[in-house]
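One structure is given below, represented as structure tokens, and several questions about it will come after.
By letter and in written order, the chains are A, B, C and D; residue numbering begins at 1 in each of them.
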């Protein structure tokens, strides 16, 4: 338990919890927008763990390489979010469905 | 001296978290957005206090970005997402 | 210098009190319009006092100007977004609360 | 370093917000909670001594991401009515078992890590002197990890290509969807737009000395662009226009061509001559700012219905 009083381990455990909440949400909920939120939350948890573990350098100076990785990761996750939301809008306008069940129903109706 | 600022930042953080119930209580969507806006302003204040306490002036830049873009979420809410009729009574 | 440090801390403390008052108003006021009123207190006065307190300690003119810019931006964005919310609320037919 | 009071408050709040953003019934409230989650994450980056990440999170989280989600929700709800929440909890209660065991495995492996490590920090600081910029993270991004940055701009560019290839081509007709402008809003924009351009240029220039840089500046520009679009200002977002396509591709292409040019004069790909490193980097950053701002604005317009879907014989409305 002494280990988790260190900032690095404290925040990496926080990051793991957030990641797992996001993973749960990604699988458990149907609506595409909520899935997108869940994916973002997962990503943030991952970044949190990564940056926190970069915090273990000598004299408390953080390691800049994971920071650069996280910056890139944030850009990638924003692009992915925007692309997903664009596809959600497109799919909704084409089929009227906002989740997989709606899509399946729409397909059965069309048959 | 700088501990004073850090404690003030913690108090503001607590009062920001204290405003969260308004998001769930509503009753209108605008109330949730108001709570979010208060959180934005509070984080500007927290960043400024931290910048002063830790003597790291580039934290001011982050505060500047926050206050610059504070209106974007609210304006996009008002112009794009607040259209459906809702229950209009206050919760008195 | 010491006196200026204390004055700055006191001013920042006054700003913090405004933030707490704003949260209290947000939680306890009865309708959107009065909550808007509570909110703008934090934006204008609370942040203003905190920035005043911090500005007393800043050493460079550029830092001072940046702090001033932050405050002005916070004021204009809070007043116009609050105006937009109030206008939209009015259009949606939300009636202002009256003492029953 | 040990945990402070600030950490003890902010970490449980982050977990709580993430949990509530998943569980809350109203999707709109979930989005607002996610915006707040982003805000608190930015504060956490500051606490973890990563101000550059905090700056990106602030620029992205406060501006673009919230507008993306709210715009997308706005389109869906205006056609479908307020969204109702269909979730079956009974069938999925067993999902907790794998998720919790994953969490336990991750926690265990983190606890096995050594409490202090050298990392790559020293390596970076030693070669920093050769790279022409003074801020470690910018140096990492533009010199040592030039490949990653190339891929980053490449990913943004690909996202823009993907959005446009969904036939989001020309500006949509909006008059029926957006309420008329008020004079207060227009006056606010007149004050804010110059400040946005100013702050964006400032951050770009600071990028070589302090945390900041191209992507942050571009994201702030996008915030301004979102406000202008919401005020029904018609921005030149017509993807049949070749100049717009050129501007969008310029960041990626500039990066790639500079790297190839350096190879042509006998250096490594993405290696810069020591004497000109700063100016080459600034030039590339300016191109990257403009093109990432435009790309993010395109992505927003696609998600929020400001770019209409062009169908065969259609009129571009959404």
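Everything below uses one rule, namely that a contact is a pair of C-beta atoms (placed from the backbone, for glycine too) under 8 Å apart; a residue touches a chain by one contact, two chains touch by 3 or more.
Just so we're clear, the structure is a prediction, and the values are computed from it rather than from any experiment.
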Pair sharing more residue contacts (C-beta pairs) when A-D is set against C-D: A-D
Chain centre separation in whole Å, for chain D relative to chain A (CA means): 14
Computed distance of Cα centres, chain D from chain C, in Å: 28
Interchain centroid distance [CA atoms averaged], chain B/chain D, Å: 20
For chain A paired with chain B, centre-to-centre distance based on mean C-alpha positions, whole Å: 23
Multi-chain contact residues (two or more partners), chain C: 69, 73, 77, 80, 84, 88
Multi-partner residues of chain B (each touching 2 or more other chains): 33, 35, 61, 64, 68, 70-71, 75, 79
Multi-partner residues of chain A (each touching 2 or more other chains): none
Contacting chain pairs - touch in the sense defined above: A-D, B-C, B-D, C-D
Interfacial residue positions of chain D with respect to chain C in the complex: 179, 182, 184-185, 187-188, 191-192, 195
Touching residues on chain A, where the partner in the complex is chain D: 3-14, 16-25, 27-31, 33-34, 36-38, 40-41, 44-45, 47-49, 51-58, 60-72, 74-76, 78-83, 85-90, 92-93, 96, 98-99, 101
Residues of chain D touching chain B in the complex: 5-6, 9-10, 13, 24, 28-29, 32-33, 35-36, 39-40, 42-43, 46, 51, 54-55, 58-59, 62-64, 66-67, 70-71, 73-74, 77-78, 81-82, 178-179, 185, 188, 192, 195-196, 199, 203, 206, 210-212, 216, 220, 223, 226-227, 230, 304
Interface residues, chain B side, partner chain C - complex: 1, 4-5, 8, 11-12, 15-16, 18-19, 21-22, 28, 30-31, 33-35, 37-38, 41-42, 44-45, 48-49, 51-52, 57, 60-61, 63-64, 67-68, 70-71, 74-75, 78-79, 82, 85-86, 88, 90-92
Touching residues on chain C, where the partner in the complex is chain B: 5, 9, 12-13, 15-16, 19-20, 22-23, 26-27, 30-32, 35-36, 39, 42-43, 46-47, 50-51, 54, 57, 63, 66-67, 69-71, 73-74, 77-78, 80-81, 84-85, 88-89, 92-95, 97, 100
